[in-house]
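Labels run A, B and C following the written order; every chain starts at residue 1.
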Amino acid sequence: MRFSPVRFFPIRSRLALPAALMAVVLLSALSMAVGTGDIPWRLLLTDPGAGDLLLITRWPRTAALLLAGMSMALCGLIMQQLTQNRFVEPGTAGTVSSAGLGLLVMGIFWPAAPVAVKMLAATGFALAGTALFLLIVSRLPLRSSLLVPLVGIMLGAVVGAATVFLAVRFEMLQSLVGWMAGDFSAVLRGRYEVLWLSGGLMLLAYAVADRFAVAGMGRDVAVTLGLNYRATLALGLAIVAAVNGMVTVVIGTLPFLGLIVPNLVSLMRGDSVRGNIPWVCVLGGGIVLACDIVGRVVRAPYEVPVGTVLGVFGALLFLGVLLTDRAHARP
Amino acid sequence: MIEVRNVSKVYGARRVVEDVSFTLPPGGVVSLIGPNGAGKSTLLSVMGRLLPADGGQVLLDGRDVAATDSAALARRLSILRQENHFVSRLTVRDLVAFGRYPYSGGRLTAEDRDRVAEALAFLDLTALADRYLDQLSGGQRQRAAVAMVLCQNTDYILLDEPLNNLDMRHAVAMMRLIRRAADDLGRTVVVVIHDINFASAYSDRILVMKDGRLQHDGPPAEIMRPDLLEAVFEIPVQVRQIEGQAVGIYYR
Amino acid sequence: MPAPKTRLLLLLGLTLVVCALFMTVGLRGRLSYVLAYRAQVMAAMVLVAVAVGASTVVFQTLTRNRILTPSVMGFDALFVLVQTAVIFFLGTGGWTGWPPLLRFGVETALMVGFACLLYRWMLSGPRRDLYRLLLAGLVCGILFRSLSELMQRMLAPTEFSVLQGRLFAQLTLPAGDLTLAAGALVLTAGALLWRSRRELDVMALGRETAVALGVGHDRVVTRMLILIAVMVSASTALIGPLTFLGFVAATLAYQLAGTTRHAVVLPFATLLAVVALAGGQMVLEYGFGMAGTLSVVIEFAGGSLFLWLLVRKGRM
């Protein structure tokens, strides 16, 4: 008998999603209010210069957090549909480390490149890495649902080792560590806008959600239902790679986000892809905002990168799922 | 002497073995029969201290097997379980030689080597002695595992379905060997067995288990009765005397 | 096919050649100084090789498969976490004043305690399939690393730099007294493992067969886990985490040794690890002038081998 969590955490109320949205808005407000340097709230309406701090540092940071969190969580959902595996996300499929390699290659050969070019390079590498992952997975003799993320983590480790080797060779190890930290403290006006593109990608994903749902039933079913399976796979891959390219360039890594958010949402609501997308986005953005606030408050005036907080939080949740729930992993 | 006293074993909410008691005096072949899931293998594992009992105890010559020094016990009592899958890449001789571990601690003496050769010959394995286990058929592997247990040279031998994977010839050879171990060497052998006719033909005593309980205990003549077998296995069984042998017929 | 003992002797010869080369290639400057320095590095490498090679083989015997290793299951990361946590909770002030040996001893003791608790629970709980265990181990490693990083980020910058100096010890700069302490631990643990080599052969047959043959299986598991934790602590303290060295050494040892007896496989894996470390370091440092990249190269090669075996075998 399959464990059916939907019955245990039913979210049926029509008010649930608006309520969750409100919570995220409140978190955003909190996120804008927290930080070094006091914002002269009282002067905001009267003094035109008073809002500068807010506009130059606080708003960009909050927006970047939301965009990155939402889109990375959505990437996890798409990848889980395309691989039919609950444990796959950009970090367990070689996508993130490939994007990092792309970023490093740009740093070595064209350090002065504009952000858009760096992003394209990272996207290209992410695409290649994920495609390689899918190729390996398609050749696995035994389709154990747990073997798939294992292969992905290993592939990520190998690509990561190659990246570190190059970084040591060209004396860029410190920069690399800084780039990949999942750090929003350097997000300022003029340095994050490329992330807005991910908003467009999210809308695109929502528009074609039903195709991902069909693809999630496997190649055979998808073809029987008349879906162009390869095209859907390619589109999903492109979206995932592009989002990872952007997020890696602007922020670095957000470990486990793509894994925990879709799994939590499916625990709460079951597995309707289209219906889950808004929830995945809301929850993804909310978790990243919350982790960022924790990271800023816990050791002020120093900052703990959101990636580090997520690493702890996400690994704990992942372990919990792995060790307690045995029906979950078996297809 | 082995005394099983009120042994129980629980898996979760399921009582797999419930309050089983009996005594095995030295010598003879004892068969343990019963339908699937009756608790036979579990009981055998508890007797061989592979599993702890949840209630009751098993005594070997008056001492609790769960509390006896395991190495000393391995020289008095051996047990072979059904699943014998090994990751190590071993030859048949290597495997059988492990039966001498309780005596040699892994350093084989000349006597150990002789015992290994004897056991190999006993089970018709001499020609296969240097083959790797993964090159053997299931039946050959089964015989190698039994040879290891024999090599352990213990007074009490517990075998869990030793006829698994054996063809007719080797099944009969195995049962004759078990008989010989009891008659010629004075060993006490307990076998979990599915074929009631092998049990009838070769054992001195048959224990019948069902639903975790010991339901009958007696010599073959007492157990091989149509009404009794039908009640236990829930299929019609006829019993015929053929050449002085009680044979159960249940195939159609 | 030469007999296992001949193969072991051949490998021993190869190892000695590699070590001799490592000591003598590209000598420059004051001979006595350079030689003493290299000898110290060499000693550290041999200790790490013994620790990593032996602990991996034994861990694989306990878990009865050839793919789990202590480092893949997060042992190294756990030791780094212990080191970080000690500084985090005790602060650097009094702690740095402690003699390094005492510090190392306390850290090792903590590591042994946690590792035994955690991995006994993981390995002996309800039977989980191998992939789940492996994935759980990998995620544990990630968790320990993230926790360490979190604590490191929460330290004041001065404390952080103290810690970094301790955590990223490299082959090129082994501290003398640490080498001695780690050496004593590794050699003691190694001798105890060696004494249990025949018992380990029986353990490899599985719990039931081992118990039937009179080996106190569960007791041996605990004892071995303690020795493994000690060895991993020592090697991690010497050169930092090395995820795949043990995996490569053990895998090749089983491929090349021609037997599964621990009396041969244990020294085989150790010698292979020495060759990998000394040979790799020699080629990288004196061939390419890249002293600090050995661990990365081993990660790359070992990770690729691991991936390849996962994909090729599918079932382990």
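Quick notes on this structure:
By definition in this document, a residue touches a chain if its C-beta (ideal position, glycine included) is under 8 Å from a C-beta of that chain, and two chains touch if they have at least 3 such contacts.
Remember, it's a predicted structure, so these values are computed and weren't measured experimentally.
As a matter of contact connectivity, taking chain B out of the picture leaves the rest undivided, in one piece. Compared with chain B, the chain whose C-alpha mean position is the greatest distance off is A. More C-beta pairs touch across one of A-C and B-C than the other; that pair is A-C. When chain centres are taken as C-alpha averages, the shortest distance to the whole-protein C-alpha average belongs to C. Chain geometry summary: the mean Cα position of chain A and that of chain B are 58 Å apart.
Per-chain CA centroids place chain A at a distance of 34 Å from chain C. Chain centres here are Cα means. That of chain B falls 43 Å from that of chain C.
Under the contact definition stated at the top, not a single residue of chain B touches 2 or more other chains. By the touch rule above, chain A contacts chain C in their complex via residues 87, 136, 139-142, 144, 146-147, 149-151, 153-155, 157-158, 160-162, 164-165, 168-169, 255, 298-299, 302-305, 308-309, 311-312, 315-316, 318-319, 322-323, 326, 329. Interface residues of chain C facing chain A in the complex, by the touch rule stated above, are 128-129, 131-132, 134-136, 138-140, 142-143, 145-147, 149-150, 153-154, 156-157, 243, 290, 292-293, 296-297, 299-300, 303-304, 306-307, 310-311, 313-315.
Those residues of chain B whose C-beta lies close enough to touch chain C in the complex are 45, 48-50, 70-75, 78-81, 84-90, 98-99, 101-102, 105-107, 149, 152.
Interface of chain C with chain B (complex): residues 64-66, 197-199, 201-202, 204-209, 211-216, 259-260.
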